[in-house]
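Okay, so chain A shows up in both of these, paired with chain B first and chain C after.
Up next, the complex of A and B:
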């Protein structure tokens, strides 16, 4: 480990075209499932005489998505900002907390059980309280909800990453008379990074969920959660479905963005390299 | 192994005995009463807004008509139209506007009685803001519950040149279910029903004086005065259910008993408050007393007789919902029928019960701290 991560030989990468090609092949089964589900959905509504307003067909939803795209995307963007803020606050605090607790173990041992228990907070019960603390109409109240939701997985995973270093690596650092900070920088943090990114990917999706749940209890008129809630209350289910679609698009885009950062950062780990 | 068979046999005998016992008791009860079971889905949680139905059940008016009515309370995520369209209830209570929007989406629902003949919706602001007209709300933050409850307010704001549906000229926010946000002045104007949210504000203490807020602290702008009021609570059923003659009979009886409940609440409003309290409302006695009085004011006097749709008010409501609910077409007369309510009123009239309440006068009710 003396030469650090660079000692690991990078895996053979192949050409870009080759990688994309292999990737595309990997996606075939998933795409087949998607197409089958959509076809079944589309046809079963006609075949089983399901009331169209209760379960609109995918083509209807797609048409609504297109015709209302300006309203939907602006609502999605509004909610995404809340999610992003909550993600940054929640994950940031979680990483800082984990670093502190990894350095002072006693602290960590005392607080970890509560951090794990804290992740059991039912966010739906927590949302109205956050709305009362901050204004229900402010972005901050939704950020707070998203932050709480993001905090626990990131905190627990980061701490686990920081503390799952091989003892021999630590001993080696000691033998070099490396200080605490150096050990963190060269050994603990690089070891923890894959753990952190896994947690951040989970948190990216949770943040969007948290923001939308918060909006269900009051929020701005042009927010996605308010839009979905309000439309489904007036039987405008195709609009509600289109809203859910927008939430998914933003959630997945956020996930992919984090995954991309992970790939760029962690070139050395076998799980991300191709 | 033997033992196991014994246990199974014994359990079988026991189950058979229980079943036999159960069936005999059920048989006995149906013989003596033969009540028709129906379910009513309310728009909101248990409160005096629905006193007439609770009273009709408590006083045995439904039973006298041969009905066994189950009253289901509503809540934030219960949409009566969806419950009735889904067949989990035969009757539903909701605002006329919600009925119109759901019909436009293809739900086959029809209004059979319009119980409230006036709108209880107001916009409230703090007196010291000077925002005492809708016009002055330009550029301000206005709260409403949305989800089909926004049309009266949207129409009022649009009347004065704002475009609330696109958040232009005014900022719309979704109102939560308590009035804390208004007390904390997090908005400029809030939607408030005369019978509920307005009272919630008046039941709160002004931290500066230590006394309750009064009407002197507030500007109250009723939608009735702005001219954009719509019809609110009414009774609806599905068109397919009401097609059968037998169900029409049931509906007629249901309406006659419900109206009798409302008439009773008009004449004995304190007794009705007691009945509501017995059904476990979220807010206490003082609040329900205020509410009962205000609800009576929306129902009485009933010029055409209780439950009969006023075509002018209907047409105004339809026009507003068409515009702000983005309906495909203007709701016409197919969305309601008056024959059943008229027949119910006729039954009551023949019993010399006053279905108009022309002499009814609003009582003076004082708010209590926290609605206690």
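Up next, the complex of A and C:
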């Protein structure tokens, strides 16, 4: 046949440096926005005579972060561990739950309404209860809150992925007389993976928020939420802002870690292969 | 023993729609039989019943002398759909080896067979490409290689070239005839293209709708092997005309239309 290798799109190639360079160029607009916002913030406080303790300048926050870095980072790490635990428990349960529901539809029909109702739990109201159940100073109480937050998006997306398989894909497996487990393993789960990763990225950020919200209702003195809460209560706003900054950094790092695993796992899709 | 033997076959869908009625068809070894007919005549349904992907309501189907279900469990047939149904997360080589994995072939034997199959469909060198990196015609060749990888006696094809452009389709028609020669398999081929059915087949089963039935079976006596020149032979055109007329005859709607035009014609 005449169509040679030129007729198809080449496999993604290019040096590592070249790829990093291209990626860096993609980030330029976002970086410009960040710098503009910081400059505006810094200057407007001086120009409009805003009280410095209410809205400290970015440079002040950065200095506070640097002088308190040991305390802040260790608090961030502590809270991150809670978030990670909650993320693992919530997402893990959600995936198992979705697998069960995709396999036994009638069972699913019985449980789905409660899963949806569960997502309506106001997490703020839930936090003190979890603290009461698991002791306010334990990591477990914060993990429980993070897990509840992670569960729903992961559950819904996984279920959607598992059930959005093309009918002909299933017919093909049927023509090979493949069993249910084979079909799940070789068709349904790979089809669901992009959906699952999208949900895990959302859940990673939610887990960090969940852990911090939990800590607002009591927690170890070494926790980020407790630190932010106590500093704002005593009008130490630049310390509170530095704490918020650390929470964001851990949240973003968590998100990027999940995105990296996604990129390594979903090598086959056009969007991640390039 | 026929490869496919269909007797008194009928299929009624839930609400009482009769999709197929009174189907009788025997397909011998090494035959290439096309099922042709307008949309809604049940040709795809018939193919799926042969493959035991749909259960019939009446009659019976034997494949290699066994029930259709037993034949499916024994992996006696390979199937190709209009959509190539390649798994995006598998490379070309791993898509072709999927049925071999399910049959528990070891790695070495699988690699060997995948190499042979890539050669057969002329895709050597593309084994580590992903489906999205291939053209539609190439994807369909991977799908054919996958269907033939475990050397089934029967190949079922449901409008495999229906989504391709005319030029690619004609090229793949030739390709398919070569593969049919080389593999020695029996093929049941669903299409709605008259020229494609005549060019490829040893017999064309013409189907008509409401209820779906086989209204005519036309033997195609064009000499083998067929080449691009076959399409230009007078006998090819005669057979195309014959199939076309059989198709129109089979359709009630067309017959009524023909009658009403005749009535309007001034005498």
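Criterion: the second predicted complex is superposed on the first by the 260 of 274 C-alpha atoms of A that agree within 3 Å, B and C clash if a C-alpha of one lies under 4 Å from a C-alpha of the other, contacts with A are read in each partner's own complex, and residues count from 1 in each chain.
FYI, a contact is a pair of C-beta atoms (placed from the backbone, for glycine too) under 8 Å apart; a residue touches a chain by one contact, two chains touch by 3 or more.
Bear in mind that the values here come from a model prediction, so they are computed numbers and not experimental data.
> Looking at the overlay, does A:176 come into contact with chain B only (first), chain C only (second), both, or neither?
After superposition on chain A, A:176 lies in contact with chain C alone.
> By the touch definition at the top of the document, which applies to A:128: first (chain B), second (chain C), both, or neither?
In the superposition, A:128 touches chain B alone.
> Touch check for A:219: first (chain B), second (chain C), both, or neither?
first
> For A:187, is the partner it touches chain B (first), chain C (second), both, or none of the two (neither)?
Only chain C; A:187 stays clear of chain B.
> Touch test for A:166: chain B only (first), chain C only (second), both, or neither?
Touch status of A:166: second partner only.
> State whether A:38 touches chain B only (first), chain C only (second), both chains, or neither.
Neither partner.
> Can A:253 be said to touch chain B (first), chain C (second), both, or neither?
After superposition on chain A, A:253 lies in contact with neither partner.
> Thinking of the overlay built on chain A, is A:137 touched by chain B (first), by chain C (second), by both, or by neither?
first
> Shared contact residues on chain A for chain B and chain C?
none
> Which residues of chain B touch chain A once you look at their complex with the stated criterion?
Residue positions touching the partner: 79, 81-82, 85, 98, 101-102, 104-107, 141, 143, 146-148, 164, 167, 171-176, 180-181, 184, 186-187, 325.
> Please output the residues of chain A touching chain B within their complex, sorted ascending.
51-53, 128, 131-132, 135-137, 215, 217-223, 226, 229-230, 232-237
> In their complex, what parts of chain C are in touch with chain A?
Its residues touching chain A are 48, 51, 53, 72-75, 77-79, 81, 83, 85, 87-91, 98-99, 102, 122, 125-126, 128-130, 132-135, 137-138, 171, 175.
> Please give the residue numbers of chain A that touch chain C in the complex, ascending.
The touching residues are 1, 3, 5, 7-11, 166, 168-169, 171-172, 174-178, 182, 186-187, 190, 193, 266, 268-270, 273.
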